[in-house]
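The following pair of complexes shares a single chain, subunit A, combined with subunit B in the former and subunit C in the latter.
The block that comes next holds the complex of A and B.
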């Protein structure tokens, strides 16, 4: 077009013309970067693996296991009448169960309840390493899925479809049969949410990567963290339990206040 | 008498200035003074429990006001759109226009969320205050002649209020309301033969269809409010016509109402009370979330959230469904007979009809045809109070069952345990409640009798000159005594042969029921008895 004829135009055209050497150089640089990045990532994973799998940590974990877990799970973690075999449950399962304080279990009951965490992070890592060394299983989640920076809307929809029937749409928890329950999800760390989905602790089904992809899991975590960080726009949420807590509040505090006021109004002046 | 002689010269100057002139202007054209004179001097007795109906009226006014605001922005359409409002976790999600406009009201209309919450909290308060008002009417016997019809109107209002509530709950087309409608759809389809037809008629095809929100909207903002307003008018008119009831007390008789006139005292109190109720609702709506539709998301037939319940007033029906044992479903004559639906429907139907016609049942059993303007103290009608307690227990059992899952999680119980306990409570509870309440009433009556005859124990022990120790009893004052002794003593109906000299089976049933109603009774203290008791030392 004649109007666009500017001095810069000609210069741009001149610089845009590449020599065949430049293309080769670009490909070479691209390959170098990709390869280098890959090598960096793979070496970091490799070092992580060697770290978790270091023989010292494993043997430390084994000792802790023998002292704290073997009563129910057996000395070789192959299960007894009172506890299941842990061979193949993977690192994620141990990190969830021990990291949330559910294990070691306090008492037999419909399900293991959350209680103060019993082990330090190093001890938990040692237990994780020991159980993970027994057989392959779900590994600890990658940090990229735990940043809670995904798509909250997609996560909310996935949560409603896959999780809300037990955990309630706002993650407030719900009842299951025979005294079991789905716990409230408020304040649960992204790692533990992810691990729970991968391993299906207690009565929870397993949502493996074929079922809900790691990206989708990240979206779900994003939605739950959104709920954690944004209080209800309507005021106090009354436990987010739905119409039951609303009705209870209305009868006790709403109508209670009204009745108290009627008594006040109708009281004879002294 | 001709009209011409009555005409006065228009130039007559009346005292009272502008107000007087304005009042006169209106009166000459509307004859309002007769009405004001009549209504303004209407006497209303003062007791807190008489204000519960007012609470219902005022909540209804609040509902009308906030509801009108909501209609400016709500769109009752089930067309699919992608949400594009300010709530992030729903951005881009496909939903109906109804849901999207409800979300816009909540997040993008100034004051919209407050109005939504005002509307919803006021609706819960409306039904709850009707319920409490109805309990007051029942336990004080205020439904007796001449007020039986007003009881029926009031109860129909209660049912209509529930219908209003349920249609409103269904309008936002969120997950919760859709689940509620699905249960209604299931209940309708559970009716043999016609159920499926009715369901398809209601939803315009297979559930959920694209019609139901628009239809419910018409009912919610047009038909039901119109009927409710008309019935409230009749209900209040009857209150004026019948005059207000009053509790027994000195000078309170069937012919005389003791209290304050409407103008100025009562009108001022009632007017002020409206603002108090409005204030309470506003406070609740400002500080407490109700129906967070943004959590529930748009309706989709596949997900059901844990803790999905109807609003409290439909809870008893939901509870009835939860309490039915599983497996009561058979195929007969090519149709599925869902007794797990039919049994709760029948039981609830019988319960509702019984409450509706209770005044007529009691009048028939007692044979009482007198007018009653003085209320019964609940203890002085032990059988009625006991029936009421049984009914309340039954209702409360069903109601609690609707929250069985929440009870289980929050009290660390098993779901099955809660359900089984409530099944027992719903079936046996009413009988236990009946027995206990009746005995408590009779005991209280005995205590009253004791107090009238011997006064209160003062705790002061006195030694008489002869050496005898007695406890001095404080005689009850006359106002108090009036309250304690003024109630009717009923006798069971006696079997009387009819004109043919026969006793019909119906008569036998009636006499039997009457005996059951009145066989245990404590007679009020009579004058003679009272005088005799005064001769005592006490």
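The block that comes next holds the complex of A and C.
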């Protein structure tokens, strides 16, 4: 009670005479107003590139980078012996690597593995803004290519030609050399699929817009989402790994049933 | 029939005495004197269904229930075919259709089979009996007669005397299969030399490199560092006939690396353009498409038998069963900036064949 009384008392005492900080505040408000008005005019004339991030987000990202990434990628992101330079990798690359939990890398190995995402969306966006501010690179994909409402059949053909040799025709993934592998694509978000095609993370080749146009990428995403949302017409897909899992299933259960029936037929009735 | 009659009675006697019957013929191996005595059949054991009339009734019930179940399964399969049709636009409908028809048919066949086996095992008589195998050798009389018949045939047909007839018959039989050889040869491509077909592909001097499947030509500037392009010769998509045959030979993988990473032979320096190299996509082992490109290691991996090729080093084999490097397509850039072939491959693509030079 006395605490709530006190300020009212103070305010009452102040009425009537100007505070010593009032003039300073007035000048500051005036400066902010003119500055804000100028900024509004200047952004309206600037190109769309500046919509990426504010200086504040970038400096926040720089701090996060220094704390979490600089050990391997260097304080100025120009790479060290243990991590590559990130100058020019672009927003898409950071969003993919950090957004899927591949970075920060758990341990040095054949390739970075997916693990629980380490940063919040805001933190990821700040890191993206910081790395993107270093040098131009592949930008985040436009939302219109991520709606998964393109031509699934065309996407399937492109997928078979460009992706299926590593990722398996049903997107179930597959092995590469020396412990590397192409991951399964089930449940991967459209943004991350798009960003992976544009940036070519780790040993995946780059599929730039001249090779697979943004519309074609949309078709590929449509195909992958179709696979996610529709059951396999053949029944149990057994991981879509083809002869490995199907053969194992038949050897164990098919032959097992035949052996059991044979034993039963040959046994004497009780 | 005759052998069946003998079998029933003789058997036990023949069986138990068979060991003694064996006498050592001159020149055969030693016959063991202490050969195992035939223990005979174990005593017959009665089943539950033989002893207990209620158990017999129960088994009977089980068997006819199984047969009725089989009827239900068959009818269920027919009903499933009608209730769960395959809708052309809905691949998911195949799943239900197959599942329920399969359940019905499996029930029909399994219930039938299990019913029959159970019937046989529990209700039909199960007393043990032995049918002795009848001797394979014919009687001496029959053997003599058959030799006689053989000589009679030779004599009467004149095969021995009329050599002309015999030889012309053999000739006719030898010539008879020849039409089949000619007819089957007609199934293979005519007036085309398979060796020439295998030696060359669609690539010619000046053919533009085009994207698979759209057929759009590729500019050198489109191929950014780390890219991998699936490439076909321009014009392949417009072919009326033999498009897949041509594609199977002409498919190319196009990648770009830093020029300083390329380890090129002096005579092949002009075959690449600013770090862009093109190699045949057909594995030299058994011809699978080699498409697994690792952009950091520059290795190409064949998915079929794990052959590995180093693109930085003229696609030489670094692992696996392939024996030759992938053939390189010499490329250049035309006046409009599009990538073109300098010529066809300078060696046959794909696996080896006899006439390969």
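The criterion applied here is as follows: the second predicted complex is superposed on the first by the 210 of 270 C-alpha atoms of A that agree within 3 Å, B and C clash if a C-alpha of one lies under 4 Å from a C-alpha of the other, contacts with A are read in each partner's own complex, and residues count from 1 in each chain.
Following the convention adopted for this analysis, a contact is a pair of C-beta atoms (placed from the backbone, for glycine too) under 8 Å apart; a residue touches a chain by one contact, two chains touch by 3 or more.
As the structure is a computational prediction, the values presented were derived from the model and not from experiment.
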(request) Mind checking the superposed model to see whether subunit B and subunit C fit together on subunit A or clash? (result) clash
(request) Could you look at A:139 and tell me whether it touches subunit B, subunit C, both or neither (first, second, both, neither)? (result) neither
(message) Touch test for A:233: subunit B only (first), subunit C only (second), both, or neither?
(response) both
(request) Could you tell me if A:72 is touching subunit B, subunit C, both of them or neither one (first, second, both, neither)? (result) neither
(message) Quick one: is A:243 in contact with subunit B, with subunit C, with both, or with neither? Answer first, second, both or neither.
(response) first
(message) In the overlaid three-chain picture, which partner chain does A:259 touch, first (subunit B) or second (subunit C), both, or neither?
(response) first
(request) Report for A:176: first if it touches subunit B alone, second if subunit C alone, otherwise both or neither. (result) both
(message) Output check: A:158 vs subunit B and subunit C. Expected answer is one of first, second, both, neither. What do you get?
(response) second
(request) Mind working out whether A:166 is in touch with subunit B, subunit C, both or neither, as first, second, both or neither? (result) both
(message) Looking only at subunit A, is it subunit B or subunit C that touches more of its residues?
(response) B
(message) Once chain A of both complexes is superposed, is A:87 in touch with subunit B (first), subunit C (second), both, or neither?
(response) neither
(request) Run through 5-13, 59-67 or 113-121 for subunit C and report the one that clashes with subunit B in the overlay. (result) 113-121
(message) Residues of subunit A that sit at the subunit B interface in one complex and at the subunit C interface in the other, please.
(response) 157, 161, 165-166, 174, 176-177, 182, 232-235, 265, 268
(message) Help me check something: in the complex, which residues belonging to subunit A touch subunit B?
(response) 110, 152-153, 155-157, 160-161, 164-170, 172-179, 181-182, 223, 226, 232-238, 240-251, 253-255, 257-259, 261-263, 265-268
(message) Touching residues of subunit B toward subunit A in the complex: what are they?
(response) 46-52, 55, 88-93, 106-107, 113, 117, 121, 124-125, 128-129, 132, 175-176, 269, 272-273, 276-277, 280-281, 284, 286-292, 294-297, 300, 302-312, 315, 402-406, 408-409, 412-417
(message) Taking the touch rule as given, give the residues of subunit A at its contact with subunit C in the complex, in rising order.
(response) 157-158, 161-162, 165-166, 174, 176-177, 180, 182, 200, 202-208, 210-211, 230-235, 264-265, 268-270
(message) For the complex, give me every residue of subunit C touching subunit A.
(response) 45, 47-49, 91-92, 94-95, 98-99, 117, 121-122, 126, 211-213, 218-219, 222-230, 255, 289, 291-297, 299, 301, 303, 308, 319
